[in-house]
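Below you'll find the structures, each written out as structure tokens.
In the two complexes below, chain A is the common chain; its partner is chain B in one and chain C in the other.
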Partner chain A sequence: MADRLFAWSMSTCAFLVVLSLLWVLGDVVTEGLPHISWTFLFSAPENAGRAGGIAPILVSTFWILLIALVVALPIGLSVAVWLSEFAPVNSRFANNTGIVLDILAGVPSIVYGLFGNAFFSIYLGMGFSLLSGGLTLACMILPIFVRTCESGLRAVNNDWRRGALSLGMTKSAAIWHIILPGARPALVAGLILGLGRATAETAALLYTSGYVDRMPGSLLDSGRALSVHIYDLSMNVTGGDTAAYASALVLVILIMTLSILAQGMVDRWFKRRLVVS
Partner chain B sequence: MKVLVRVLLLLGAVMSLSIAHAADNRLTLTGSSTVAPLMSEIAKRYEADHPGVRIDVQMGGSSRAINDVRMGMSDIGMVSRALKPAESDLTAYLVAIDGIGIILHKDNKVPSLSDQQIINIFTGEIKNWHEVGGKDQRITVVNKAEGRSTLELFLHHFALKNSQIKAHIIIGDNQQGIKTVAGNAGAIGYVSIGAAVYEEAHGTPIRLLPMADEPATVKAVASGHYPLSRELNLVVKAAPIGLAKDFITYAQSAAVIDLVEAQFFAAPL
Partner chain C sequence: MKMKAVNNRSDQNVRMVLVVLASSTALLLAMIIAFLFGESWPLFAHIWNDGQWGDLLQNNGWYPLEGHFGMMPMILSSLAVTVGALVVALPLGLGSAIFLQFYATPVLAKGFGTLLNLLAGIPSVVFGLWGLTRLVPMIAQWQPPGASLLAAVLVLSLMILPTIALTSSAALSGVPSDITAGGKALGLRRMTRIVHISLPAARSGIISGALLATARALGETMAVLMVAGNVVQNPSGLFEPVRVLTANIALEMAYAMDVHRASLFASGLLLTALVWFLSWGAHRMTKSQVKEHSHG
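Moving on, here comes the complex of A and B:
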């Protein structure tokens, strides 16, 4: 009886989680869908975003994301590989790096925003720009990406490393052909976590990539990200609720599409190299 | 390595070029989140009339605007209050007036409150609506977060300090305030009149209280009779010249009154 009650309460919790997710999604879809159209996606905002569309905002969002990923992925992967494969066991430096990364992963995003504003925008003279916003987001997603990849790499069975060694593979070849493909699920998870956090970010972008809703002409132009647009519409613009819901729906669809794309891409890159699994 | 140095040098050159370029036909405005959507719209219309000009509007709050203008980080600051004596090094240009209205939930039948009653409610001395002629219901005090100019104006008008206010809920922007009061039958809060009038007209369950027998309407604010109102200013450090001067004149002109009204502010009479 107690056992059944236990199982029953577990499944109720699972049901509640799914229900709350469906509730949020349902709310966004029912309120946002009627407002979405081709003109909404492909025209510029008018009347402070109440009318018109979100074309320049989508373009800015893509640029910011692209910069963040291009900077964060190679650096993050390298750090993760170094931590799990090269750093000596019990190395104080490696341990401290791990602790610092954990602290950074928990820092609120507004702190990254203020840092990005002080360092990229003012000190490096980038001003309010897509570049400054992208680099700030790169700093923000780096710790979470490194930690997820690292734990995935550590989880790869040591027999594989020994096997590679006994076949005379160099360490770099073993990492590239055996260990990274073996840690594929963790790499996907890290990428999706980072991507989701970056796409949904508002606070870190307010003071770095800024508020301008014009089509960006270069990476040094200020550009409003989708999440900043939603924040502005729902908080500062009276009567901007419908447009905010529609933009939120676009944001949700964007994150889902990007996650599926990321999963597919990582799978395709690494599957070919790992025949036996 | 050499290639890297060259790329960096080239990047530096491009950046300094774009910054030098910025001086003639680019303008940066920073500041109040209340004024930012309005200035965005005015900037767009100005850009359409003056090809080649770029006006970037950035958000961040009135205090930040003062700081940015002093530091030279922005050409024009947006401040949603009158300048303080300590800020006499700056010059302000009035572009619009925003009134602050006291809002209650629609089901709350209290007809009006005196200044003293409002003070007592916000300082926690009156805790229940029946003490001011309403039904037996706990009062939920909704206050603005530190740094908001609405808060400063509210405190200034009622001669209160923020530490005296016993708030149950702290909110940031107007919309958040309206949503909070609409969702809580015992709540009292204060937001921009334009925003409240619009939401009230569109069926959001809130009610605006008259202040000192003056109805809380956009017209009363524009006439200057409504006591709880604030100026929306553009501020500059030195006397503006060239593009900045032209833009400020434009923002004060009759050509943008429809934009001011579309944001639920009153154009100064």
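Moving on, here comes the complex of A and C:
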């Protein structure tokens, strides 16, 4: 009896969780879907976003993400390669780098926003711009990207390393031609994870890339990201709720596509590793 | 496992470049701390001159334009919102994790897991929007003004539920099967096996997941900002509007000058310290679990 009661209450918990989260998602879809059309996606906002579309906002979002990726990708990958392939086991420096990365991953996004505002916008004189927003996001996604890539690289079968060594390959050649391709799906997954986090971010962008909702003319122009647009519409614009829900739906679809892609990559990779070993 | 490679000059060059890049992460952390301290310095100087250190943590009120920087109401609100979210989300998340690990059929478990993963990725601003347009009016019908501590707690708990459920279920699935098999061999009921064997064995993993969720709740800005009402006051009731530290930064950065701006950076510093403390706890937890397993 008690056993059945326990099972029943656990299932109720799970049911409640699914129900409440689906409620949120369902509201976003039902409120947003009727408002989405080609003109919404490809025209400029009018009347502070109540009417019109989100074209310049999509363009700004795209540029901010691109800058964040272009900066975070090479640095993150290099650090991950160093941590998994070069760093001596139990070396103090490697351990400390790991700790630093974990600390950085825990810093709240609004604090990254403060830092970006003080450093990129004011100290380096970039002002409120796509560039300073993108760089701030690059700092933010760096730790999570490094950690995912590192675990992916570590999971590459040691036989591959031994094989490369026995063929007389240098370490850098082995990394470039064997280990990185072997870990590629994990690298892609880390990339998409970071991308998802960057797309969802609002607080770090408020005071780095700014609010301006016109089409950005250059990278030093201020531009409004999609998430900032949703925030502004719902908080500061009366009657902007429908447009906010439509933008939210676009944002959710964007992020879900990215995370499904990442999940698929990881799954396929694990299957393949089973076959190889 | 590490292997000694043939010594080679190009390897050495690559190694040097990578070491420099790896230390750039440490540089980034140092710069973040340096800038937070540097920018909040005017506040410390201001307080030093006035000789009223207690002011920062006392209830003299948050009147930045008149030189009163009492952060205590906001610190308390931050803690209240975080603890409230944890109280709501922890049992539900743990329950879902147990369901996922022990009761769900494989197909159901896969679907549920995928759903949780997807929902963990929903941006906080979307939760905020939903809370603002659905939850707040609902609470307002019952107990005006609606935008309140309760709304913030509910929205935040929704946000951290997937995280708690996923980390707990990972911790439960990591329990070695010979322990649970032993329970089965003794003829224990399923509930007894779960409550007295699996949960204690997965304890440290579950706690570290909960600590990470707490850190996330404490650092969350947008969702709380949108639903909490943002009145600076001590959290005295569930239906009172409150303002948390993160929301305060986001609200006032737009026009803050001099000492006021410095006080916002100081609150950022405080927030970061709190979150680091929590992550450190989570780190210690995972480490102790690894040790336990290697001994067991």
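Here is the rule we use: the second predicted complex is superposed on the first by the 230 of 277 C-alpha atoms of A that agree within 3 Å, B and C clash if a C-alpha of one lies under 4 Å from a C-alpha of the other, contacts with A are read in each partner's own complex, and residues count from 1 in each chain.
Keep in mind that, in the parts below, a contact is a pair of C-beta atoms (placed from the backbone, for glycine too) under 8 Å apart; a residue touches a chain by one contact, two chains touch by 3 or more.
All values derive from a computational prediction rather than experimental measurement.
Q: May I ask you to name which of chain B and chain C touches more residues of chain A?
A: Per-residue touch count on chain A favours C.
Q: In the superposed arrangement, which partner chain does A:Y207 touch: chain B (first), chain C (second), both, or neither?
A: both
Q: Check whether A:I75 is in contact with chain B, with chain C, with both or with neither, and answer first, second, both or neither.
A: Second partner only.
Q: Touch test for A:L21: chain B only (first), chain C only (second), both, or neither?
A: second
Q: After lining up the shared chain so the two structures overlap, which partner does A:S222 touch, if you call chain B first and chain C second: first, second, both or neither?
A: After superposition on chain A, A:S222 lies in contact with chain B alone.
Q: Using the superposition on chain A described above, determine whether A:E150 touches chain B (first), chain C (second), both, or neither.
A: neither
Q: Classify the contacts of A:S9 with the two partner chains as first (chain B alone), second (chain C alone), both, or neither.
A: A:S9: touches chain C, not chain B.
Q: With both complexes overlaid on chain A, does A:S234 touch chain B (first), chain C (second), both or neither?
A: Touch partners of A:S234: chain B and chain C.
Q: Mind sorting out which residues of chain A both chain B and chain C touch, each in its own complex?
A: In chain A, positions 206-207, 234-235 sit in both the chain B and chain C interfaces.
Q: Which residues of chain C touch chain A in their complex?
A: Counting only chain C, the residues touching chain A are 1-3, 5-6, 8, 10-11, 14-15, 17-19, 21-26, 28-29, 31-32, 35-36, 38-39, 91-96, 98-100, 102-104, 112, 114-119, 121-130, 132-134, 158, 161-162, 165, 189-191, 194-195, 215, 218-222, 225-226, 246, 249-250, 253-254, 264-265, 268, 271-272, 275-276, 278-279, 283.
Q: State the interface residues of chain B toward chain A in the complex, per the touch definition above.
A: Touching chain A from chain B are residues 15, 18-19, 28, 33-34, 36-38, 40-41, 54, 56-60, 73, 172-176, 192, 194-195, 198-199, 202, 262-264.
Q: Which chain A residues qualify as touching chain C in the complex?
A: 2-3, 6-7, 9-14, 16-18, 20-21, 24-25, 27-28, 31, 75, 78-79, 81-83, 86-89, 93, 96-97, 100-115, 117-119, 123, 139, 142-143, 146, 158, 161-162, 165, 168, 170-172, 174, 196, 199-203, 206-207, 227, 230-231, 234-235, 241, 244-245, 248, 251-252, 255-256, 258-260, 263
Q: Please output the residues of chain A touching chain B within their complex, sorted ascending.
A: Within the complex, chain A contacts chain B at residues 47-49, 122, 125-128, 206-207, 210-214, 218, 220, 222, 232, 234-239.
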